[in-house]
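Look for subunit A in each of the two complexes below; its partner is subunit B in the first and subunit C in the second.
This part shows the complex of A and B:
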C-alpha cells in the first residue's frame, strides 16, 4: 500500500494539537515563567526586579533550605524502598489467596488509598494524641513511656513515612498483582518439575520476571515522595514546622508566608532539576540492573 | 409559540428588574475564619442582620479554616478578582496586607456613612487598623488570653480567695505556690493545662510574659535588641520550669487542653476569651463545675496581656457604589450590635457597647475586662501577625523548649539567628 505521508502528518497533528496546546499552556509556559521568576525579587503576586542569581547563592547560606533538603532525602529513604517492599510482600500474600477471600483482603488493603489526606491526618493525629490517643493507652499498658510522635524531630519523619506507606501501598499492591498475574503458570510448573523450592522459585522466576514492575513502582514512588507536602504540612501544624520542612513545604512557606515569590521559585527550580535528574538516573539504573539479572 | 412567550416573559422580567434596580437586594459575599464557639455566635448575628434587612441586603457567608489557609486564600483571591465583598481580618496582619495591596481604604466618607468615628474606639485599637494615617479595617473586637480556673478544685487546695479568685496572682512565687498546692492536693492530673504542643498558641502566652518585663520583639526593625533576648529567655524558662516540675501539661494540643480543663483533670487553663461560650454553654447544661476567668497572673514586673483584634476589611478591587454601601451597612450594624458578640467572650471594640450597663454586668467578661488597660499588640510590621514570618519562626522553638527538650537559652539564640535571616 502506498502511504500518503502528507495526510498522515496532518492526522497526527490534528490528534496531537489539543493535548500539546494544553500541555504548553499549563506546563511549559508556567515552567519557563518559574525559571524567569527565580531571577527576580518578586513578591507572591506581582512583578519584581531582576536580581541575577542572588536567590540561588542565598540558598547556600540558608539553614532552612538545608533542613528541607535533608528531610526530603530522609523521607525518600524511609518511604520508597520500604514502601515498595511492603507492597511486594502483601501482593505475594494476596496472590496466594483465591476467590472472594482474595477480593476481600485486597479491598481491605486498598481502602486507605481512597481516603483524602485530611482524613488520614485526623485519624492518626487522634490515635497518637499525647493526652488522649488510643496508641498512648497501649503504650501505658506495655509500660513504655508515652511518645509525642508528631512533636519530636526524632519521630516525626519515620511516623509520617509509616503513615504514607499505610495510606498509599494499596495502589502499588495492585501493580504488583497485575505483574504477578502476567507471569505464565507454565514457568512455575516447569520450575516445580525441576524440583525448585519456594525460595529458588521466587529468586529465579518471580523476582526477575517481576522486575519491570518493581522498577516502575520504585520510579513512581521516588518522584511522588520527593514532592511530599500535604502530610508533612498537616502533621506539623502548631508543632515544629521549621524542623520538619521538606522541599515543597519550604516553597510554600517562602511564597505564601514570607511573600517571597522569587526565592520560592528558585527553590522550586532546584527541586525540579533534582526530580528530573534523580528519576532519569533511577529509571536507567533499575533498567540496567534488571537486564543484568535476567 | 411557547418559546416566544417564554422569551417575552423573560424580557418583561428583565425590564421590571432594571426599573426597580434601586430597590434590588444586594448580596454581600462574606468570608470569616470564626470556627469555634464564637463562630456559632457570629452565624446568629448574620441571620439577625439578614432578618433586619429583608429585601435590601443579604449576607452570603462562608467560614474558612483559621490561620495560614485563610490568609493564603485571601492573598491569591484578591489579585485575581475572586475575593469576597467583606472579610474578617486580624489587625496584626494589616501591615502585611497593605503592603500586598490587598485591602481597600476605609475613607472618611465611609466612616461618616457608617456613623462610626475614631472617638468610638480605644486609641490602641484604632491605631492597630491605621497605616500611614489611613484606616484599612473596621475593628470588631479585641481578644486577649485569660486564665480560666476551676473554683471547686482551688477551694479544695485552699488557694481560693473569698471573692472567688485564685490566690498568688501577683508574683511568680505566689503563682507557683498555687500550682504546687494543687499538685500536692492530688486531685488533679495537671495544675495548669497549657497548649504546650502548639507553638502558634503559646506565642500569645510568651509574648504576654515578655510584655510583663517591657520586652520588645522588634526595635526599629531589629529583632530582640539588647536585653530583650534575655527577657524572652526568662519567659520561656518560667514555662519550661512548670512543665519540668509537673505543674503544667506536656505536649498538649489545643483540643486536648480544653478537654483537660473541662473534665477537671487540669485545674487551670490559659486560653483565649473565645472559649467563654464553651464554658457558659456547658455550665448551663449542668456539665461543668463552678468556673471563672481572670487576667493572667503577674509573673514579672507588671500586668500585661497579648491581644489581637478581629476587624472587618473590604478587599481591594472594583466594587459598585451600591455594593459598597451595603458592605458599610453590614460593618456598621454588626459593630453597633456587638453586645451579643461579647457573649462569644471577645471584648467589643465599639466604645458605646463596652460602656453600656448591660455589658458591664456581663460575666465573666466583667472580671477580666480591666485587662484592656494592659494589652499589648504585635509589632507593626509586614513580618508580624497571625501566621506571619515572626510568628512562624518563634513558634517552632516553643514546643521543644516548653517540654524540656531544648534549653531556653539555646532556643533564644536560634530564634535570633532565624529572625535576622528573614
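This part shows the complex of A and C:
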C-alpha cells in the first residue's frame, strides 16, 4: 500500500502537539530547571547566585536530611514487603469465592483505595483518637496502655505504614487476582490428581506462576512508597513534624516553609536520582528473574 | 484423593473463606465507623464504649459542614479541576497514542522510549519548579494552575498505544481505500472501537485527580479556591466534639468517588489492571 508519508508526518505532528506542549512545559522544563536550581542559593521565588555543589555538600552534614532519608527507608521497609504479602494473602482468600459474594468481599477490600488521603486521615485520626478513638477502647479491653499514636516517634511510622497498607492494598489485590485468574485451571486439576496438598500446590504451582505479578507488585509499591508525603504530613499536623520528615516532606519544608529553593532542589535531585536508579535496577532484576522463571 | 484428606481440606478451605469474610468486614469497619459517627449527636460521639448504631440519628453535622464551611466552593473546584484533568489527559493521550501506534514519522521510536522512561520520574520532586512556573504564569490560585501540573500520566498513552496496536490492520487499510482522512479513521473507527477503554481510563483519571493532594495543596492559598480533598484538612479543631462535623465533611468528600466506584465497579477494576500493564 502506498503511504502518503508527508501527510502522515503532518497529522502525527498535529496529534502530538497537545502532548508535546504539556510535557515540554510541565515535565521536561521543570526537570532541567530543578537541576539548575540545585546549584544556586535562590529562594523559592526569585533569582539566586551560582554556588556550585554547596547545596549537596551541606546535605552530608544535615541531620534533618539524615532523618528524612532514614524515615523514608524505614517506611519503605515497613510497607512494601508487608503490603505485598497482605495483598497476596487476601487475593488468595478472595479468589476462592465466586459470583456476587466475591464482588462484595472484593469491594470491601478495595473501597479504601478509592478514598482521598484526607478522608483516610480523618477516619484513622478518629479511630485512633487518644480520648475517644475506638482503637483505644480495644486497647483498654486488652489491657494495653493507651498511646497517642501519632504523637510518638516510636509508633508514628509503623502506624502510618499500617494505614497506608490498609488504604492502598486494594490495588495490589486486584493485580494478584488478575494474575491468579491467568493461571490455567488444568494445572490445579493435575496437581490434585497427583494428590498434592494445599500447601504443596501453593508452593509448587501458584507461587512460581504468580512470581512475575509479585515482582510487579513489589516494584510498583517500592517506587510509590519512596515518594510518600501526604499521609506523613497530615498525621504530623499538631505533632512532631521534624521527627517524621520523609524526603518529599523535607523538600516541601525547605522550599515552602524555609524559602530555600536552591537547597530544596538539591534534595529533590537526590530523591529523583534514587527513584530512577532503583527503578532501573528493579526493572533489570525483575527482567532477569522473570526470564529465569518463565 | 481419599475421603479423609478431602474432608480435612474442605474444613481448611472453609476456615480460609470464613477468615477472608471476617477480615473483609474488619477492613471496611473504619469506613463504617466514620459514617456512623458522623450521624451521631455530639454527646453520643464521645461515649467511652463502642456503639454500632446511633441512639438518635442526626444530620446536624452534615448541615454544619454544608453551611459553616466553604464546602460548596470546594465541591465546585474539585469537580471542575478533576473534569479538566480527565478531559485533557485522556484527550491528549488518545491523540498521542494513535500517532505513535498508527503513523510513521521521524523520531517515533525515540518518542516512545521517552514516554516509557517518563513513567519512572517522580513528579513529587518537581513541586518547587511547578510552583515557580505557575507563579510566573500567574496561575496560582486558579483552576488552570491546579490542573496543569497534574497532566503527566504516561500510563494512559501507553494503554492507548497498546489497544490501538491490537486493532486489525484491515480496518485501517479499508478506510484508506475509501479515501477516509486520518481524522475520520481516528474518530469513526479507532475511538469507537475502544469506548470501553476510554470510559475506564476516564473514570480512574477523574478519581486520581479528585484525590490529588500535594499539588492542589501547594497551588492554592485561598480557602474558597481549594479542592475538597485539601479543604477538609483545613478545619483543624482539637475539641473532641467537632470530630463528628469533620467526619461528615470527610464523608461528603469521599462520597463522589465512592459512588463512581460502586456504579462503575467493573470499569474501575479493569482500568487499574490495565494501568499496571497486565492483560489478565
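FYI, the second predicted complex is superposed on the first by the 263 of 294 C-alpha atoms of A that agree within 3 Å, B and C clash if a C-alpha of one lies under 4 Å from a C-alpha of the other, contacts with A are read in each partner's own complex, and residues count from 1 in each chain.
Note that in this section a contact is a pair of C-beta atoms (placed from the backbone, for glycine too) under 8 Å apart; a residue touches a chain by one contact, two chains touch by 3 or more.
The shown structure was predicted, so the numbers you read here are calculated from the model rather than taken from an experiment.
*Asks:* Could you tell me if A:151 is touching subunit B, subunit C, both of them or neither one (first, second, both, neither)?
*Replies:* first
*Asks:* Quick one: is A:257 in contact with subunit B, with subunit C, with both, or with neither? Answer first, second, both or neither.
*Replies:* A:257: touches subunit B, not subunit C.
*Asks:* Once chain A of both complexes is superposed, is A:242 in touch with subunit B (first), subunit C (second), both, or neither?
*Replies:* Touch status of A:242: first partner only.
*Asks:* If we overlay the two complexes on their shared chain A, which of subunit B and subunit C does A:44 touch? Say first, second, both or neither.
*Replies:* In the superposition, A:44 touches subunit B and subunit C alike.
*Asks:* Counting only touches as set out at the top, which of subunit B and subunit C does A:207 meet: first, second, both, neither?
*Replies:* neither
*Asks:* For A:63, select first, second, both or neither according to whether it touches subunit B, subunit C, the two together, or no partner.
*Replies:* In the superposed model, A:63 contacts subunit B only, not subunit C.
*Asks:* Does subunit C touch more residues of subunit A than subunit B does, or is it the other way round?
*Replies:* Looking at subunit B versus subunit C, the one contacting more residues of subunit A is C.
*Asks:* So, does A:129 touch the first partner subunit B, the second partner subunit C, both, or neither?
*Replies:* So A:129 meets both subunit B and subunit C here.
*Asks:* On subunit A, what residues does subunit B touch that subunit C touches as well?
*Replies:* Common interface on subunit A, subunit B vs subunit C: 44-45, 129, 131-132, 237-238, 256.
*Asks:* Under the touch definition given earlier, write down the residues of subunit C that touch subunit A in their complex.
*Replies:* Listed in rising order, the residues are 1, 5, 9, 12-13, 16-17, 19-21, 23-25, 27-28, 30-31, 33-34, 37, 45-46, 48-50, 88, 91-93, 95-96, 98-99, 103-106, 108, 111, 118, 120-133, 135, 148-149, 151-152, 157, 173, 176, 182-183, 186, 207, 210-211, 213-214, 218, 228-230, 232-233, 236, 238, 240, 243, 246-247, 249-251, 253-254, 257-258, 260-262, 265, 268-269, 272-273, 276-278, 280.
*Asks:* State the interface residues of subunit A toward subunit C in the complex, per the touch definition above.
*Replies:* 1, 3, 5, 7-9, 11-13, 15-16, 18-19, 22-23, 25-27, 29-31, 33-34, 37, 44-45, 90, 92-94, 96-97, 103, 105-112, 114-119, 121-124, 126-127, 129, 131-132, 134, 137, 166, 171, 174-175, 177-179, 181-182, 192, 195, 197-198, 213, 216, 220, 223, 226-227, 229-230, 234, 237-238, 248, 251-252, 255-256, 261, 264-265, 268-269, 271-272, 275-276, 279-280
*Asks:* Provide the residue numbers of subunit A that touch subunit B in the complex, in ascending order.
*Replies:* Going through subunit A, the ones touching subunit B are 43-46, 62-64, 129-132, 148, 151-153, 237-243, 253, 256-259.
*Asks:* Along subunit B, where are the residues that touch subunit A in the complex?
*Replies:* The contact residues of subunit B facing subunit A are 68, 71-72, 75-76, 79, 96, 99-100, 195, 197-201, 249-254, 256, 259-260, 382, 387-389, 392-393, 395-397, 399-400, 403, 405, 417-418, 421-422.
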